[in-house]
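All chains are identified by letter, namely A, B, C, D, E and F, in their written order; residue positions are counted from 1 within each chain.
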Amino acid sequence: MTTVRLLSDAEVDTIPGVKAVFDDIRATRKSEFVNNFWRGLANDPASLQRVWGEVKAVMVAPSAIDPVVKEMIYIAVSTANGCGYCIHSHTAAARAKGMTEAQHGELAAIVGLAGQTNHLVTAMQIPVDPEFDVTT
Amino acid sequence: MTTVRLLSDAEVDTIPGVKAVFDDIRATRKSEFVNNFWRGLANDPASLQRVWGEVKAVMVAPSAIDPVVKEMIYIAVSTANGCGYCIHSHTAAARAKGMTEAQHGELAAIVGLAGQTNHLVTAMQIPVDPEFDVTT
Amino acid sequence: MTTVRLLSDAEVDTIPGVKAVFDDIRATRKSEFVNNFWRGLANDPASLQRVWGEVKAVMVAPSAIDPVVKEMIYIAVSTANGCGYCIHSHTAAARAKGMTEAQHGELAAIVGLAGQTNHLVTAMQIPVDPEFDVTT
Amino acid sequence: MTTVRLLSDAEVDTIPGVKAVFDDIRATRKSEFVNNFWRGLANDPASLQRVWGEVKAVMVAPSAIDPVVKEMIYIAVSTANGCGYCIHSHTAAARAKGMTEAQHGELAAIVGLAGQTNHLVTAMQIPVDPEFDVTT
Amino acid sequence: MTTVRLLSDAEVDTIPGVKAVFDDIRATRKSEFVNNFWRGLANDPASLQRVWGEVKAVMVAPSAIDPVVKEMIYIAVSTANGCGYCIHSHTAAARAKGMTEAQHGELAAIVGLAGQTNHLVTAMQIPVDPEFDVTT
Amino acid sequence: MTTVRLLSDAEVDTIPGVKAVFDDIRATRKSEFVNNFWRGLANDPASLQRVWGEVKAVMVAPSAIDPVVKEMIYIAVSTANGCGYCIHSHTAAARAKGMTEAQHGELAAIVGLAGQTNHLVTAMQIPVDPEFDVTT
């Protein structure tokens, strides 16, 4: 159950601004499949255009971080935020880009360990060591 | 202000189980510096021993994920959890292991973008596409 | 699957303290429909009475903030907390009180943008500018 | 730096509705000390009255859960929510009611462990076992 | 303590892409003051340009939601995410745009109440009522 | 839908390191039932062994905190983190160890109240009272 309707391809074809973004998603990913996130966001064409522009700039354009690593970072944030959809879609993307099962297992282990030490640090309210200061 | 006392080296020296872990932290990291997290956790020697064992197993032992990448994943989770201490200590660790400023900038960009799309997905309550199913 | 049973109207009728709250919910909202949240909370009559009193005081009583705006703020908090049920029930309430689709789209855009800048600020651990101080 | 002013006793004395709540806090806790939370909330007398009523009902009134345990549950939630002030104030309250250092260490260990397994479960998106269903 | 340096105006003047964004921030807000968030983000000029573009599109451009309301939604999300800097900067912005003290008090009351019912719903794992479905 | 496969008993029997942990889970809990969390974690035998070791050390071994209280703290953290699976599994465990319905109702009330005051404190950014300092 969603709070907005998920637009079908037939509906998308009738809204030029949405159609253009869907075409670009398909061309960029070299795949006919457009996942539900974009079909929900299409209810607000301005947001669709803006967010897809962000995703292309941050996740698709050449960068200093390896594409698989970028997806693993995305999964890590989505896990801490408890966003099930995001975990599923970016785990699929990470696997498609070459993440191995061993790497997936280690990713979960790191995320879990960080969850533990994050909570311990917060419970004890540990002050930041001056040695970690980069501004001086 | 902490909720527990941070143990000094003089105090650590009087508790054999704690002293042994501090010695191992120093030997493993080849550095005399032991950061505040361990000094707080030392109030509960059993937790200190257990958590340091975890950190060694997950973050120090050879693995399928590159050490810098592991630290970047740790920073990503700590950011989503809002743990300032953890962000500072693991950003220092990531830099020490070779993270460049360009990679740090991109890391923040990915974490920020994930924060945005996580919230959009959650607001719209998007259902997981069956195409993402790995169990069938 | 819930962790408590959801009480039916027949069951509610047998517990006077619960029945009175359900009657007040129906009278206040001018609707026979009582949603699942109250049916779960009815397992603990003291909590039911207390929380409904809060909701009436904060969300129903006349106030300085417009009723639709109050529901949009509720949705915003529920999204950041990842509470799917809360997002659905308060999106329904906001629509019933007049939230347009354009406003819903903008609400999601603001929540998403805040998710991004919140994560960027946290990753960089930005200190509060003294210009924002209201206490001096 | 706060987003609202913290009211002094002199200011509180000039607002009858606020003064009455402060008097009740002091009488209930048998202490002259009124902590900052209430001094901030006093900017909105209706909220002050309502929230103090809640705290008395849930945390002070006789109940099926031991007072120290109630404070430990409060600390656990506050840790997961990353609320430093709440952790400090309820850790002080728990100690005042008899929480030992050993219990405090274990509390942090449980909270940390839950942080770890919570993140692992979320990363793997584990479905709920039908054996955990209480509604059938 | 930050994880990146906060750029001074003198430094900003030496980086054309950053200077142009700072000029636009000042022109858009009709104020010489540029807050720390942008000075931290300026370490990554591409992110600075992208995020400022988002903020202008979502928070500054004319829209279906009132400017004060938009800031209150921003504060609500930032509170649920525990981002202190974001709460301070957007509370200042909301006040500058006309938020009254009474509205601020009510905002906190709604955010607090949502925090309570969100946690109650999550603890009981309440299923979404079919009555809330908008997709059928 | 999970992001990893849940291993059946037949599959577990073919992986010695996993089989040994499952045997220990069954022996420790005196029950044939092994819940899905462990079946998902079994994809990464090293994590399975490590996390089960943690759970035994923190949740099963004799300690200064009562076993029912430990489960209630676990539920509290899981609720704040929004982990539905964790809430279900630990609510079942708490009931099996003797948590009454009255205690469960109060647990939810405390968790909800903490959610409310946590959000209020965060919205107001209340500074920690020096009276709460344990380090001096």
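Quick notes
In the analysis below, a contact is a pair of C-beta atoms (placed from the backbone, for glycine too) under 8 Å apart; a residue touches a chain by one contact, two chains touch by 3 or more.
All values derive from a computational prediction rather than experimental measurement.
Touch-path distance (fewest steps) from chain A to chain E is 1. Considering every other chain in turn, the ones in contact with both chain E and chain F prove to be A, B, C, D. Distance between Cα centroids is largest for the pairing of chain B with C. Each chain gets one centre point, the mean of its Cα atoms, and the points for chain A and chain F are 27 Å apart. The distance from the centre of chain A to the centre of chain D, with each centre set as the mean of the Cα atoms, comes to 34 Å.
If you average the Cα atoms of chain B and of chain F, the two centres end up 20 Å apart. In chain C, the residues that touch at least two other chains are 1-4, 6, 46-47, 50-51, 54, 58, 77, 79-84, 87-88, 91, 106-109, 111-120, 122-125, 128, 132, 134. Viewed as a network of touching protein chains, the structure reduces to a complete graph with every chain in contact with every other. Residues of chain A that touch chain E in their complex: 1-6, 46, 50, 54, 57-58, 128, 132-135. Residues 1-4, 6, 33, 35-37, 40-41, 47, 51, 54-55, 58-59, 63-66, 69-70, 72-74, 76-81, 83-86, 88-89, 91-92, 95, 100, 102-103, 106-107, 109-111, 113-129, 131-132, 134 of chain F are the ones touching chain D in the complex. Across the complex, chain F meets chain C through its residues 82, 87-88, 91, 101-102, 104-106, 108-109, 112, 119.
Residues of chain C that touch chain B in their complex: 75, 79-80, 82, 84, 87-88, 107-108, 111-120, 122-125.
Listed in rising order, the residues of chain A touching chain C in the complex are 1, 3-4, 43-44, 46-47, 50-51, 77, 81-83.
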